[in-house]
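Please go over the structures that come below.
There are two complexes below, and they share chain A, which is joined by chain B in the first and by chain C in the second.
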Partner chain A sequence: MSDVALNDIRLDIAGLPGNAGVQALRQQAADVFARTGLPGKRAEDWKYTDLSRLSAVLGESWWVTAAQTEPADVHVIDDLDAYRLVFVAGQFQAEQSNLPTGVQMLPLADFLANDTAERGHCLFHVDESAPLFNGLMAANTALASDGLCACIGDDVQLDKPLYIIHNGSSTAHVLNGLMLGRNAKVTLIEHFVGAGSDAALSNIATYLRLGENAELRHYRLQLESDKQFHIGRVEVKQARDSRYILHAVELGAQLSRADIVVDLAEPGASCALHGLFVASGRQHIDHHTRIDHNAPHCRSRENYRTVLDGRSHAVFNGKIVVAEGAIKTDSAQSNGNLLLSKNAGVDTKPELEIYNDDVKCAHGVTVGQLDEDQLFYLKSRGLSTEEARQLLTFAFADEILTAMDIPAVRRFIEHKAFAKLPNMTDLEGLLG
Partner chain B sequence: MLKIENLHASVAGKKILKGINLSIGAGEVHAIMGPNGSGKSTLSNVIAGRDGYEVTAGSVTYQGNDLLAMAPEERAWAGVFLAFQYPVEIPGVNNTYMLKAGVNAKRKHQGEQELDAIDFMQLVKEKAKLVELDQSFLSRGVNEGFSGGEKKRNEIFQMAVLEPTLALLDETDSGLDIDALRVVAHGVNALRSPERSIIMVTHYQRLLDYIEPDFVHVLVDGEILKTGDKSLALELESRGYDWVKAEAAA
Partner chain C sequence: MSNAAVKEKVETTAEEFANSEYEAGFITDIETDTLPPGLNEDVIRHISAKKDEPEWLLKWRLEAYRHWLTMTEPHWAHVNYKQIDYQSISYYSAPKSKEDGPKSLDEIDPKLLETYEKLGIPLREQEFLAGVAVDAVFDSVSVATTFKDKLKEVGVIFCPISEAVREYPELVQQYLGTVVPSGDNFYAALNSAVFTDGSFVYIPKGVRCPMELSTYFRINALNTGQFERTLIIADEEAYVSYLEGCTAPQRDENQLHAAVVELVLLKDAQIKYATVQNWYPGDENGVGGIYNFVTKRAECRGERAKVSWTQVETGSAITWKYPSCVLRGDDSVGEFYSVALTKMRQEADTGTKMIHIGKRTKSTIVSKGIAAGRGQQAYRGLVRIGKNADGARNFTQCDSLLIGDQCGAHTFPYVEVKNPTATMEHEATTSKIGEDQLFYCRQRGITEEDAVNMIVNGFCKDVFNELPMEFAVEANRLMEVSLEGAVG
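Our next item is the complex of A and B:
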């Protein structure tokens, strides 16, 4: 990256919130970003996702955030009883939001404005040795405008989910940090949505820390406009006996990449990652997941289902690393891919690195079309070809949908997911 | 009702059916018996419309219509039902939902009003009793995790709900123990009616002790070599198929 570009970033940073310590960390991140730049196709973790499209479409200064425009009218989950945090173009909208009381929770920009101490904040430390580290993470740290900053205290169970709506039709770098204390229990819903007609970048990093025996259910719903580039990072660190449950849904964006990095750091911690991609047109969707079993008696479950139509392309890379001392590890990974079109494609790769003998690790991958025997069976019972295809497509995604424990979210996703596919007309009857 | 004339069919270029002639009247029960590989299942699949079976000559006429020109679902709407030899498992597709979609597609096609959920549940519960199918099976995925016997009972249950005018039972008795066979046979017998024709494909005479056929046909190497009444089945049981072949060759 040129010195001119780096100077531009430095100038951008000067206008962003943060005390002297945070500003210094932002500058350090900018240096890292300037050095590493965008991940190229030669990097093993970016073999199937070509980010050169990002600069080709958005120009040389693709990271520059746009001025806030009138928010586009977007479809959100209305029948959801939740605390709402609305961000438009990476900026918190107080008048559209309602935050819970009695917990430490602020928009990041407010937090930074009120934090006059000179030391930096841990959210702004760039760790180049982190799994799946890339330049976009450093760009996020350098340029983050806003986000969620919350510490949920010991034994606190939020009575309603936290529903974060990112209305992102312009380029934004958003940084979220959520810490759960001992025995705390929270449901976090991140909903990325947009209706912009121009291409832009959503660069979203979410750092999660779970204290002892804490439980976090995390819905990550990516329904950006079909012009948008979406880059996501979810980093989870789990203490003893904590439970992390992810429901990741990818429906939107022209190119979407998310890195999900989970550190099962202490004994008894568990995580379950449920993923659903429904892609059509020329959409490209990529999830790289990395689960580190760093302690004994931890459990991880991973189930990703992708439904691909048109010329869409999906990438799934599931890496599981079991450390030497992580005995009694129990891990299972499954990735199913349904290709509804001859021109759709998928690159899927399970990666297991196991450094002790006392583990149980299962993994399986399937790639295929709709099953002819099942289609014939349904037709022989009087269902039309379209109805039968619709029903089997739905059945394929069923495991992921039924794992969602909030009916309003599930209904919303069901409708959005299957409305995307051709001939999915009679949804009312199907979804009963 | 159903008229099969000079039917020839191939699978992957291999000739399986070599000139079948068969006429089935309303309300009749026909048994088609034959050794393995004689073409019994091919005949069922051709009538139901499964892909991969190429009809090279002949015709199948059902209620005056060319059955072979119809899509599988159109055949179902016209009242054709196949009880599968190996019912496929369809996890994630609810048994009752599938049947409701099937029944209502047929009703719509026939210009009748679609059944609402309450009426349909009533119908389904009543029919489930017929084959002693536990109600918990109704809300499960189609055949998902069912035992062999449960799958076959589910087929007859579906037949009861869909009320076909022509039912093809493809080896419905195979893999059943005697108690399960009794239950299934009881269900089929209860569904016998003057408007409903039944074709049973089997290679065990045992089934015919419970469901008494009007006609028995012997299918060997793609041709019907002999037709008789139920006593023919008993003769096949004791003498095997070779004498039929010898008789036909003579």
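Our next item is the complex of A and C:
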């Protein structure tokens, strides 16, 4: 990256919130970013996702945070009883939000503005040795404008889900940090929406820490406009007996890439990652997940389902690493891919790296189209070809949808997902 | 017996298992004609001149060499090894014969024959047994090929590739480097530049090769690399089953083995290619052993061609090998069956590539990895289903068995599908040797050693069943040898 560009970033940083310590860390991140730049196709983890489109579409200074525009009208989950946090173009909107009382929770920008101490903040440390590290992470740290900053205390169980709406029709770098104390229990819904007609970048990093026996249900719903570039990172560190459940839904964006990194750091921790991609047109969706079993008696489950139509392209890379000494590991991973059109494509790689013999690990992948015999069976029972196709497609995704424990979210996603596919709109009637 | 006691037993088993001795580790004291270490264009010219090669081949070698100079060694494989100094290797070593070369078995140095006998290849008994025609490659040159006459009757050409270059130049020129181009990868380029010998097989149209063909490779001389090149062409409707075995003596230095195998299959042809690789794996501290960096690829050019790779990999300090199938012809079939065993400090990164290009192409992958001691085992495979491969089908199963708590087993399966009518399934499991299974066997009075043996053999059965009988016996024996001394 050119020095001019780096200087631009430095100037941008100067206008962002943070005390001297945070500013220094932002500058360090900018240096890392200037050095590493965008990951190229030669990098193993970016083999199937070409980020050159990012600079080709958004121009040389693709990372620039655009000035705030009038929030476009977007569709959110209205019938959801939750604490709301609304961000537009990476800025918190106090008047549209209601935060829970009695817990430490602030928008990041407010938190930084109030923190006048000279020391930095742990959210701003860039760790280049982190799994799936890339330049965009450093860019996020350097340029983060706002986000969620919360510490949920020991034994606190939030009565309603936290519902974060990111209305991202312009370029934004958002940094979220959520820490759960002992026995804490929280449901976090991150909903990315946009209705912009211009392309922009959403660069979202979410760092999660789970204390002993804590439980976090995390919904990550990506429904950006089909012009948007979406880059996400979720990093989870789990203490003893904690539980992390992710429901990742990818419906929007022209190019979406998310890196999900889970560290099962202490015995008895468990995680379950559920993923659903429904892509059409020329969409490109990519999830790289990495689960590190670093302690004995941990359990991980992973189930990703992909439905591809049009000329869309999906990438799934699920890596599970079992460290030496992480005995009694129980891990299972499954990835199903349904290709509905001639021009759709999928690249998938379920990886296992195991340094220990006392483990139970399995993974499976399937790729195919709708089964002729099943279609025939349904047609023989009086369903039309279209209805049969709809029903089977729905059934394929059903496993992921039924795992969602909030009915309002599930209905919303069902509706949005199948509205994307041709002749799927009357599905509700069919399911009666 | 309590569970804990069983576990303790297993650990002894694992240790013994991991350190069991290398049986083929003797050195044959024989006079050799060896080039001094180093690699440059003169060395290549020298090799080419020694082999009396035509001008085009020398040119081809030199092009490969110049390309190689521009390439960097690949490091993406999940293996660790010391940097290789390519200038410290001797690129040509041949047993020195009193005459120009052996004409028949009787003329072969008796010491050589003794070596093969120790290894259990029935070279001399060949003519009495209705068995295998052997092309034995000792260091860099092919020393004897048996059964040549009998094969000639049906039109099958089976000879050292250096001889094929002289006698069938048009065939060699037509096919050499068409499946694995000289610049394909770092080691293939090196091989193309310096390959010294290997086997050449041509099965003419409609011929079913009357016997199984076999090559035995052995690295004997110190500080040499072995770069053999095998080219097998199965013309329309031809069939051949080909076996390959490898060993090397025990030495403290690491030796390099960078081979290239090319298989060409025309319409309705079938090739079965089996390998039992038992190169010296180094000692329990990881000193010495062969670096086995091999490029193997088959191309089904015609419709309904069928190729199958079967490999049993028990040797080598480092294995880096991905026998591949390019399924170009419609309805062609590719199969890959593999058992890889790593013990002590052995590392293996192996697997296959199935490239589906033609319509209704089918592939099957069955890979069984066994890691013991401090062995590291990786399956790395690619299944690519191209845009036009309508109705392509793949089934992949890769299982790993872990024995001991210091070994590792890894799986890196790449799946790339660009056609909705394709069906692909991939399954992988990793588990340790079952305590319950061991307990059950022990309870029935079966010794620890036999029980481990039985479980491992059962685990590998799917693959051993694919081997020709002679090799299945050898493979079983190899496994048993590796498991020997299991009861402590």
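By our rule, the second predicted complex is superposed on the first by the 429 of 432 C-alpha atoms of A that agree within 3 Å, B and C clash if a C-alpha of one lies under 4 Å from a C-alpha of the other, contacts with A are read in each partner's own complex, and residues count from 1 in each chain.
Please note the rule applied: contacts are C-beta pairs under 8 Å (C-beta built on N, C-alpha and C of every residue); 3 or more make two chains touch, one makes a residue touch a chain.
Quantities reported herein were computed from a predicted structural model and do not represent experimental measurements.
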> For the three-chain model obtained by superposing on chain A, do chain B and chain C clash or fit?
Replying inline: fit
>> Between chain B and chain C, whom does A:L392 touch in the aligned arrangement: first, second, both, or neither?
In response: first
> Counting only touches as set out at the top, which of chain B and chain C does A:Q374 meet: first, second, both, neither?
Replying inline: first
>> Using the superposed model, give me the angle at chain A's CA centre between the CA centres of chain B and chain C, as a multiple of 10 °.
In response: 70
> Once the shared chain is lined up, is A:E351 touching chain B (first), chain C (second), both, or neither of them?
Replying inline: second
> Between chain B and chain C, which makes contact with more of the residues in chain A?
Replying inline: C
> Of all C-alpha distances between chain B and chain C after superposition, which is the least, in Å?
Replying inline: 14
> Both chain B and chain C contact which residues of chain A?
Replying inline: none
> Which residues, counting only chain A, touch chain B once they are in their complex?
Replying inline: 371-374, 376-385, 387-388, 391-392, 394-396, 398-399, 429, 432
> Taking the complex as given, what residues does chain B use to touch chain A?
Replying inline: 48-51, 71-73, 75-77, 81-82, 84, 87-88, 90-93, 97-99, 101-103, 105-106, 117, 141-142, 158, 162
> For the complex, which residues does chain A have touching chain C?
Replying inline: 44, 324, 327, 337, 339-342, 344-369
> Where on chain C does chain A make contact in their complex?
Replying inline: 76, 78, 385, 400, 402-433
